Structure formats: C-alpha cells, structure tokens
Amino acid sequence: MDFTLSNEQRAWQMTARKFAEEEIRPISLERDDIADPRETFDWEIIKKGSKLGFRTMAVPKEWGGHGTDFVTQALVMAELAKGDSAISKTFSQCWKWSHLIAAACSEEQKRRFLKPFLEDDTFLLGKGISEPSAGSDNRLPPDDPKAGLKLTAERHGDHWILNGEKCFIANASVGKLFFIDARTDPNAPLRQSTTMFLVPRDTPGMRIGKVFNKSGWRFYQNGEIIFDNARVPHANVVGAVNGSDMKTHAAGDRTGGDLFGDLELAANALGVCDNACAMALALAQTKTQGGRPLFEQQVIQLKLNKMHLLTEALRSFVMRIAWEHDHKVRSANAGLCMNFSTDVIQEVTELNLDLHAGAGVLDPRAEKLVRDAIIWSHLAGDSVQRMKATRRLAK
Amino acid sequence: MYSLHLSPEQLQIRDTVRDFVAREIKPLALNPNRLEAPARPLLVEALEQASRIGLRTFALSEDAGGAGADNLTCCIVTEELAVGDPDVAAVLAQTSILARALFDSLMTPEQRARFLPAFVAKHRYHIALAEHEDGRDSMLGVNYHRPQASEPRFSTAAVRSGDEWIIQGRKDRVVGASIAALFAVRASVGDDGATATLLVPRDAPGLSVSEKEASPRWQHGACGSVTLDHCRVPAQNFLAADAALFVDEGRRIPQEQALALGIGRAAYEAALDYAQLRVQGGRPIIEHQAIGAKLAEMAVRLEVARAAIWQAAWASDHPDAFADASLPDLPLSTIAAVFASEAIYRVAKDAAECFGATGVMRDMPLHKYVQDARTCLHSGMESSEAKLRIAEALARYRRPGSAAVLAAE
Amino acid sequence: MYSLHLSPEQLQIRDTVRDFVAREIKPLALNPNRLEAPARPLLVEALEQASRIGLRTFALSEDAGGAGADNLTCCIVTEELAVGDPDVAAVLAQTSILARALFDSLMTPEQRARFLPAFVAKHRYHIALAEHEDGRDSMLGVNYHRPQASEPRFSTAAVRSGDEWIIQGRKDRVVGASIAALFAVRASVGDDGATATLLVPRDAPGLSVSEKEASPRWQHGACGSVTLDHCRVPAQNFLAADAALFVDEGRRIPQEQALALGIGRAAYEAALDYAQLRVQGGRPIIEHQAIGAKLAEMAVRLEVARAAIWQAAWASDHPDAFADASLPDLPLSTIAAVFASEAIYRVAKDAAECFGATGVMRDMPLHKYVQDARTCLHSGMESSEAKLRIAEALARYRRPGSAAVLAAE
Amino acid sequence: MDFTLSNEQRAWQMTARKFAEEEIRPISLERDDIADPRETFDWEIIKKGSKLGFRTMAVPKEWGGHGTDFVTQALVMAELAKGDSAISKTFSQCWKWSHLIAAACSEEQKRRFLKPFLEDDTFLLGKGISEPSAGSDNRLPPDDPKAGLKLTAERHGDHWILNGEKCFIANASVGKLFFIDARTDPNAPLRQSTTMFLVPRDTPGMRIGKVFNKSGWRFYQNGEIIFDNARVPHANVVGAVNGSDMKTHAAGDRTGGDLFGDLELAANALGVCDNACAMALALAQTKTQGGRPLFEQQVIQLKLNKMHLLTEALRSFVMRIAWEHDHKVRSANAGLCMNFSTDVIQEVTELNLDLHAGAGVLDPRAEKLVRDAIIWSHLAGDSVQRMKATRRLAK
C-alpha cells in the first residue's frame, strides 16, 4: 500500500493547481453571473488550458496524447474544480469521450477524429443520450421496446439518416464532434437496438437548439441537438450496429462502473469540497463575533468538523477508485463513490454557506458552490443512480 | 378545549386566497421569462389586487378598517400566498402585522389620525420595518450562557433638534423597501444608546431607498436598503412605546416559517403532479417505490412542519396557554423555525430531484423553489444561533438585567 | 375553533399521572437491579395501582364504568406513563382502548352482560389483542401500487362445531399476554378465509400463554405468545362486527407514538438535569455550546413530534375535521409515526451521549431509554413500509375491491 | 499510488479472517448474551489468538514482537471485528499500549515488562485515565488546576504512593499491567502535573472494583481500579515526572492524532460495518416477500446502497490513515476518520437492523451490532472528540 504520488502525477497536480488559482478562479464568479447561458462560455480559458494539456491528457500516448492514468486524471479534475467546477467538467468531458474513442473506435475512425482533436485547441467533444421522454429509462432500461431513447437512424446505402431530438447534451453549443446514440431497430429493447454514431458538428441536417439555463455549472454548456434528416456516413458507426453499450463492458470497462463517468463526478466534487473547506476555515479564523474569532465557538468547530471529515473521506474514496480504475478492479465502488460524492458535496457546500450566512456574510462564491453542487442530485445521486450501483453489488 | 377545527371563516379565506394565488399570482410568478431573469421585481399589481381582497389590512382590527385576523389565520394566508410568490407573501405579512401593532396599540391618537386614513385608503400603501444594519452584532454566539450579552447599539442615530428628530444612518434588508410608504426606523437616541422607533414617511427629506438586492438574497420580500442622510421627521413621529413590536422572538408570530411552508408545498405539489404524469420504466414514476417513498417523506416533513408552525402561531396569540401549562414554556416559534427551515429545504431539493435535469433549470419552477427555500434558511436566525437561544430557555438562564433587555428587544 | 388549550380535566389528569409515575413507577422501573436484569417482568403492582386511579378503564364510557376519555387524553396519559415504564403504558393503553371498542360498540348486549362486570370490578383484568402471526406477510412491499395486495389469511383458524368455535393456531407479539384475562383473537373462518374476531377468555380450554419474550424485543408491553390448541369457546363469543377494531391504520389513535414520546422525554429530561449538574471545563456542561445545541435539538424534536402526535390523536376522534378540510386528507397517524419514531430514537441517543461512558451502562437509565426507543422503531410498521402506504394515499391509489379490504382490516 | 497489499499484509489479513470466522464468530453471540459482565470474558479465545500473534503483533521486532505496520494492524483489527468487535478490541488494546511501551519506556522498563508480556499468552495491558469526575476534562483540558484527573501520587523515597480511583478502565479485570496517569503536582494544570506509572496487577494497595455492565462490547472488560496507598517504585515512572502526555507528541506521534487510538476505533468500526453489509445483502437476496427476493424492492436497494457506500468510504479512509500513520504524515485525518467511523458504524448497523426487522426477522446479531456501535458515540464521536479533531485542523 502506498499513497505517494509519482513525480509525473505530482507535476500534473501542481500545474493544474496553479492554472486553477491563476486563471480559472479569477473568471469563475464573473462567468457564473452572466444571465444568458450562451454567453457564459469563454474560449480563452479553454485555449490556455488546452495548451497545458488539460483537454487532451486522456488520449493515449500512441495517438499523440499524454496518456495519463486515472489517478492523475482524478487529481487534475479535483484541482481544476477548486477553481471552477464547471470549467473542470468542460475539460474532463473531453477526456470522457477520448477514453471512448481510444477504447471503441476503429483505427480509421481514430485517424479521422483523434488527429484533429489533438491539433485544435478548441476541439471539444460531447455525447447525446438523453431525450425529452427518456431519462432514467436510458440508465436502467426496462425491457419494453417503447421505453428509452427514440431518435431514429435509418440506413440508406452508405449513409444513415437521423431524425429526432436530443436534450441535455453537454458541450452541445461548443463541441465539434458528438457521439450520438440512436435506435436502429424500433422493435427491440433498448440494449439490443441502439447504435452509436460519430457526428461532426457540420453534419448537414443537424443543428443546436436551446442552450439550457442551469442553476449552477453556468460555464458548462448544455443544450439540445436536433436532427432533421441528418446524414451520417456508415463509416461513423462506433462498434457494431445495434451494439451500443460502448461506454460499459464492451468498451473495455472492467471497473463495474462507467469507464470514467463515475470517477469524474466524484473527483470534481472533491475539488469543490476542498474549496468550500478552505473558505469556511478562513472565515472562521478571520471573522470575529464579540471580539473573538468564530473558530473559538463550539458550534462552529462542529460544522467545520463535519465539512472536513466528509471531504477527507471522499478524497480517500476517490483516490482509491481512481487507482482501481487503473487496475481494472471490478467492483461497485465507482458508482458508490459517485453516489457518496452527491451527499458530500451538497452537505459540505451547504455548511459553508450556513457558516458564511450565520456570520452575516452572504458570499456569492459560497452560494455558487451550493448551486454547482445541486446538479449532482441528478447526475450522480438520484435514486436511479443509487439503485444502479446497488445492483452491481449483487453481481 | 383542544380542537383543530378551522372556523368557517378561516376555511373560506384559505380557499379564497388559494384561488387568488392560482389565478392571479402563479401565472405571473412562474412565467419562464420572470424565472430566468436575474432580478425579480415585486409583483406590484398582484399586491394591489391582494389589498383589494383585504390581505394588506388583514391583521388590522375591524375598528381601524381591517379584517382583525388572528395570528393563526395570518399564517394560513401567508402560506397560501407563498405558494404563489414569497415576495408578495412577505410584504403583505409585514404590512398587515405592523399595521395592527402600530395602529391598534402603539400609536398615539394623534399619530393614528395622521397615518391611518391614508393607509386604509391606498392599496399601495405599505409599511416596512427598517431595523437591520450591516455589521451590527446582535448574535448570542460567544455570549451563550455568559452574562455580558445585551442589545448592541444601532449605529443609526436619531437626535432631537427642536420640533424634529434628525436621523443619520443606513438600514439594509428592509422588506418591501421599494414599495413602502412608511418606515418604522429603529435608531439609538441619547447618550446611553437607548433604542427608539421613529415613523419615517417615504417622502421625508433625506430618506432614499436603494432597491438593489443582494445576490444571493438574504430574505424574501424584495428587500432593499434605506439611507437616512440628515433625515428629518417631526417630533410627533417618535413612537413612545415600541416594546410590543419587538417581543421575544421565541414567541412571536411564525410568519417566516409559514412562508417557507408555502414554498415547500409548491415544490411538493409540483413533484406530486409530475410523478403522476411522467412515465419511466413503463409506469408513472410515483408507482416506483423510490419516488413514492420520497414523496411520502416530503409529505411527512410538510405536515409535521405545519403542525409545529400552527402551534406556534396559535401560541403567539394565546400566552394564557403557556400560563395554564397547555403548552410547554418554551420558545415555540424558534423551535418551529429550526425544524421547518431545514425540513422544507429538503422537501424542495427532493422535489427537484424528481424532475431530473429539468429540476435545475432556471426557466422551470423547481429551481426557483429550491432557491427560495434556501433563502429561508438564511432569512431568520441561523440555525445554530437559534439552538443556542433555545438552550438558554431550556436552562431557564436569565441574564443579569435581562428582563429589561428582553422588554426592549 | 382552533385551540390548543387543554381542558382543566386534561391538565389535571396529566398532573395526576405525572405525579403517580414519579412516585410509584420510576423508583421501580429505574432500580439498577431491574435495569440490569435480562428480563423485565411486568410491574403488576403498579398496573393495579394505575387501575385504581382509573387508567385501565380510562377510555371506556362513563356509562359502562370508565372515564370516557377521548383519544387525545388517552395519548397524553400514555406519554406520561411511558416516561416511567413503557410496558405499563402499553398494557394500559391496549386494555383501555379495547375496552371502549368492545364494550361500548362491538359487543352484543349479551356479551357485554357476560364480560363487563368482571372487567370493571377486577383491577387486574386486562384485555389483549391476539393478532400477529409469525410468517404472515401483511406487508405492502412488492405490492406497492399493484392491484394484487389483499389481506392475507390468518393461519389461525376457527371452525364452528355445534355451539362452539374451535380455534387452532398460534399468535405472537401479544401485548400483555402474561396478564390478560380476555383475548380478542383474530382468525380465519370458513372456506374463503374471511377474518373474524373471537373473544377467548384466558381460562378457555386449549389456550396457553408463553411469556418468554423475544430478545431483542419486538415491542413494548411485556409481550408473549398465545397458543390455541383445539381451543373451544362458546358460539356466543363470536364478535359479529369487528371492523371498528381494525380501522385504517393511517387514521387510528397514535398510542405507540405517544408511548415513544414518553420514552424520549424521559431521556431528554435526564440529560437536561445532568447537563446542569455535571461540570467539565469549569462550567456545567449545558453552558458549553455543543451540549446546549444538542439539548436544543432534542427539545425541537420532541416538541415537533408532540405537535404531530396530538394532531393525529385529535384527528382520530374527529373525522369531521377531514371532511371539512380543517385537516389534510392524509394518514396522519402514519405520518406522525414515521417522524416520531426516528426523531425520538435520535433524542434518546443524543441524551445518552451527554452522559459519556455512563450512557451505555446497563444499570443506568440512559441505556434503557435508548433500547426502549429502538424497540419503538420496530414495534409498528417499518418506516419504508409506512412511507409506501403514505405514498399510495398521496396518489389516491385505490386497489380494486380495496373498500372491502379496508373495512375488514 | 498503490493499494496493493504486500504478501505479509495479505497473510496477516487472511489469518485474521480465518480466525474470526472459525473461532471468534461462533462464540460471539453466546458471550454477548451472558448477563454478568465479569463472566463474558473467555481466556481460550485470547490464548488461541495470542498463539497466532494477535496479542503481540504490534511489538517491534527488535523486542521479539512481529513489528507489523499500521496498515497490517488496521487490516487485522477489521477482520477480527467482523467476528466480534469487542474481542478485536481486547487484542488491539494490547497493541495500543505496546506501541506506548516501545515509544516511551526506558530500556530497563522494556526489559522488565515487554519480556513477560511476550511470553505469557494471557498477559493483557490496560491504561487508566478516566475518573468519576474527569471525563472530557482529560481530553480537552482546561487551564484550571482543579479540572481533570484527581488520583494523586506522592513520592516517598524510591516509591510513589498512589491514592484515588480510576473508572472505565479497559481490561481492568483481566489485565496484568496498567499505565496509570496520576497527578504529581496538585497546583499545576493537568498537562504540567501528570505523571504516568507502570502499575502491575499485583501492586499492593491496588484492587479492581466493579466491572461495568455495558450495553454492547460485552466481552470487553471495563472496570474500576482503586488505589489505597498503592506503592509503585520510582523505576516505574514512564518518561519524566509531571511530563505525561506520552501517547501524543512527546511519545513520537507526528500523525496529529493519538498514536494508535484513532485508527483503532475506525478500523474496528470497519469490520463491524463489513459484517452488517454482508448480513443485509444476504438477507435481501434470500428472504422473500410476496414471493420475490427483497433485493428486488427499490426501498431495500436504497438502504443497501447507503450501507455499502458508507462502508466503502470508511474503508478507503481507514486504509489511508493507516498508511499515513506508517509514514508519520501529520494531519487531522486520524481524528476525523475516527469521528466519521462513529457516524458510519451507527448508521450502517441501524440500517441492517431495520432491514431485518422490516423483513420480520429480529436477528440477535443485527441487534448486537447496533449495541456494539453505540459505544462509538462516547469514544470516537462525541462533541469533544469532534472539536479535538477540528482544533488540529487549525494548527
């Protein structure tokens, strides 16, 4: 057993920490405060981060990326999230799908898509699963063929014609390439009838609809993609037709979780919690009441205790699942850790806000962290995500 | 005799307000454009309509032109209003309760004659309490169970000059600042820093209102700040006896909790409706155990909170029930607040979770409910502070000279 | 009109019982030898004394020789008794409520004439409900929101034979089994498995009682099991109409919650006293914020729980308040149960924590309170199950033929 | 970063697991059920465990012990606690004070006490701090000289005469050697006036009083020790006179926690949680309702989820602090982990009991685990223990 980081891991961590402190944090509140969700994005921070490797760090070395391991990725996600959770997520969203490209795309597809991805500092990736009437049905699919996603793809010679609508697509308004799940057999249950397509932004018949106006994670773009007889070449099918379950077992995932997604949310939450703990401790040590630092008060100490113990428990758990990912240990841990991160990020950010408000300070950043944390309920900790993790336990 | 029957009048006013909220307030309050907008201007038209059905003067005695409602009925109305819009609910609650206190008991006949007719006549006439000052440390905190706590001096000061009082200072978090026609301003007077209350009309020279709200919000009611720069009011605007305005917080009308309850109910009702419509796994999601159990938890929290809030509301009107031991000798309003604010925030979060991704979108109601419930967590006393105050009451701790302090509070 | 005033009679009986508990029950119940003993025999002498002050016949109508107490007053008394001893409280509550149901409404005049005189005359005459059977699956569980749920058949069966019923079966978790003189036994009759209730005197041939309690305990009331081996009772012991005994659980008298409340209060009061006596860090520990805040949390939970329990208690006597919408059309007793059982367990645990190491010692009261509060978690419906039942009520789900099932329950 | 166990660590773990399953678990409920607290102890299990090294594993190799590291110790404590938390604690209580002997005793003292300890399978250790009127005052001592422990030691030539009473002393009724804190200067605050003595069981004037009748942890002996002019040689003073703070900084602890105690409770809790999770999962998979396994029900899955995620978070945290102990990393983590273990062991054992009771099964073992867990409130998670950990954060 050894918790020491390698020099390379430590170097990535330090670079990310510096970037978060010097570049991300200064723009974080300002971006959060922009009312129009289409305007919160900032290409400069993406370009700067990309030049440091934060966009492409998950791409394998043989394809020209940095080939970092999951431990490094977890460290970097947490550090970036200390600056801004949504900006961290924008970068790691690219890792998520570059993991997928590496694991599931053909050599030809890798050549066609990985190369431009690596060369262009503004090349972002996205993936479309959710649809207006299919949320948890995609996560825990029932056998009914009518349940789940409805976007259709019909084959016409060398092309597929896509029709339908995706919603809640991350990076929709800024991405250059999307992985789109579509139903290629209307009569079979979801798992046997779905195909994944690589769909470049300039695909004819595809357009971006509304950009969602989220409570938190303002920087992170999330929108609709509408397919109106969109033409996608057959060469862009990922894996087999009717064989999309690519981000899980077939794509090489032996971790029992989604290859990367569970770790991603848990590591990002850790960074937010670190930020909240640091804010709360600083407040308690500097702000006074009755002439004495808040830190002297027992009720304050007990809140700080809860914040820190949850954060340190989460850190321990995150680093463990990152290592387990690297070693392809099969367990339910990644999902459990993601569920846990929901409880932790919300409790810790809420306690931080309470401490500030109780001291007469309504800090906008403390409030932002709470809003950022709310999205975990849906992405990481709702009852479907929890039942999904539990069902892995019994396997 | 113990009875939970509401009177026919109470049932009727509840139905009337519920209907009013559904027809007149919800369509405005839940308009996606309004939901998405960074600012949330007060629904002045709706306030005026509410005044026309008697809600602005609801607690004022019938003699004075109001409806003479008791505190429980006021809380019932506040809950209903808050289901629609918490700002409307907060402003009406404040005006109505202040009007009763001022016109029915605290003002001299001269003051009453001067202010009451306009108040009753004008549907847009609101009254606001200007009390809070940034940086004034009124916490118990370090002084828990220590003798030194006393009411800190207001930095806003009023000085007598001939026939006038001259007020200098700045108040923030003033509920309904944008619309109030009359402010009850708390200030220190004299060398000993004693606290007094002055009636300051909006048009008093030297008074200015800034409507810019803090972001995030401290509390509901479209708060703003009031600056008093050499502000002059006639000597007769001094409120001789203001104690009744600032009774023991532990026993006062739990309006803020009723307001939180309305927010929680709106969130819960939205989730209950949605869970019966939204189909996943081939069934409406309410038919899945996980969602059913979550809705049940929400209902439990809301019903239990309401029982505690109504108890505190009724108690705030019936001190004799403490005396005869029908109720425990405890700060019931603070107790209701500690429970309700946290319980209701959880209700709102759980309700939003039922909506999946749409639960966090700014153009959708659930985001608003969560934010509004969170504001309630910070609008009153912070929870640890409230617990320390309850703890002093449990221990029957009395600060030296606290009788006087309490009376002045 | 809404009022939380207790009547002079209610206040008086509360004081009387509180005094009785302090003088007669607590010294016995908290004797270290009794606390340490693995078994906890029923305090029969105390039960008899309680009967002498009218608590055994408390709910029975005055005409029949009782005090005619309403459900709220019964719950007040149960809470007070449980502060002293939950077994005494459970046995008295059961006898008193069953006596009202049986003698005041369900028995024929002939049955009443046969059983009532002895019941009223003998201070040790208790009545027990023999219902639970090991392995009988009466859970909602998998049948949540599914049509197939119906009341499962009792394996205990009664067969008519000439002038007698012959009963075969075994009942467990029978409150007061050791002392009951009369059992109301639920059994299936006829080929269709319909459920009926039979009155079975303790001396009926074939009835035997095992007092051995399960360890850990399932519920309070010194439970035992009752074996009916070819047990014969006269045909006239059949209870023609038993529906009122088994009304909708969501609306019935929340005796178990009142009992839990008494346990929680005993723990809290012990902690409050101790915190004012125990000195650490140079001050009584209540003067430390951490302990003060913890005591406040306990008080909040207890007061809020009591408000919810009393609401459910009063509601169980006043169905008209649901009809006129004074109360929400929800299973208020189940709601009170979900909240109270968990809240009170936390109170007991927090109270024990204030005592440090002595809080876990078997010869000290706090250990008993924690164990007793934990028993309450399992004595009624399990919490998830309760939530599913509430959820069906929220959705207004009605099972096909459920009216009949409900009426029979 | 590496979560792999060494072969030696794995071997200890497997031996402990086997011993817990085959020897401890079969007697666990029966010992728990004995009414007289003096009768719950069983020397056979101690002897058997001692022969496997579980009594002496923390003694350094140079003194003839096994010299296991903290990671190994954590693994073994958790494994033994899966069988019975109190029996695990009885063994680890010896490690706690053999750590102390190794760190703080003179060579001469080590010779006198470590040797017999190693040779005698029934040689158990204990330590006395608490007194009837001094509980948290010992943990977070105020400056008032009157606060804290009151047992006095007065020097008379080569001996010290001890008078007073200790309570809640672990292993009191079975230990052969005790570390006793006494006040050697009545006029100074606790930290400057306390001396620690090595007091063998046969010391004249010392006797065992009552054995406490605990709710749980029935096997674990805990009693009073009464000193009535007890004579202890000066040679038995540990460290310096008026210098007792031996289990912390002066004794070589750079972990920010008690050298061993925080880890001990957290690791023990982990074993109990593992046991509870296993019981709950087995119940859910075998017990049916309405003809279907409980596991199929969502409310059951959600409870299992909570139990497992908390347990895995605790495991991650425990292994991390064990490693940090081994590497003398200074932080507040050990205390935070111990606090966290209180919340986790209680929630997990209560959920397990709920699941059983809800299924109509009042399993005595499920109930026992809840009772065992209650002691954490006092030992590991009361407000004083939480504030203590918090104050380390600010250092």
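Going by the order they are written in, the chains are A, B, C and D; count residues from 1 in each one.
The working rule: contacts are C-beta pairs under 8 Å (C-beta built on N, C-alpha and C of every residue); 3 or more make two chains touch, one makes a residue touch a chain.
Predicted model only: the values in this text are computed from it and were never measured.
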Measuring between Cα centroids, which chain is at the maximum distance from chain A? C
Go ahead and name the chain pair joined by the largest number of contacting C-beta pairs. B-C
When the C-alpha atoms of chain B and chain C are each averaged to a single point, how far apart are the two points in Å? 40
Round to the nearest whole Å and give the separation of the Cα centres of chain B and chain D. 51
Which residues of chain A are in contact with two or more other chains? 297-299, 302, 383, 387
Junction residues of chain B, two or more chains touched: 288-290, 293, 384, 387-388
So in the complex, the part of chain C that touches chain D is made up of which residues? 36-38, 134-135, 137, 139, 141-143, 214-216, 218, 279-282, 288, 290-291, 294, 349, 352-353, 356-357, 359-363, 367, 370-371, 374, 377-378, 382-385, 387-388
Please output the residues of chain D touching chain A within their complex, sorted ascending. 1-6, 9, 71, 281, 285, 295, 298, 301-302, 304-305, 308-310, 312-314, 316-317, 319-320, 322-324, 327, 332-333, 336-337, 339-340, 383, 386-387, 389-391, 393-394
Chain A-facing residues of chain C, complex: 288-290, 293
With touch defined as at the start, can you tell me which chain A residues reach chain B in the complex? 33, 35, 130, 133, 135-137, 140, 142, 144, 146-147, 167-168, 212-216, 289-292, 296-297, 299-300, 303, 346, 353-354, 357-358, 360, 362, 364, 367, 370, 374-375, 377-378, 382-384, 387
Applying the document's contact rule, which stretches of chain B touch chain C when the two form their complex? 1-7, 10-11, 72, 144-145, 272, 275-276, 283, 286-287, 289, 292-293, 295-297, 299-301, 303-305, 307-308, 310-311, 314-315, 318, 320-321, 324-328, 330, 332, 335-336, 338-339, 384, 386-388, 390-392, 394-395
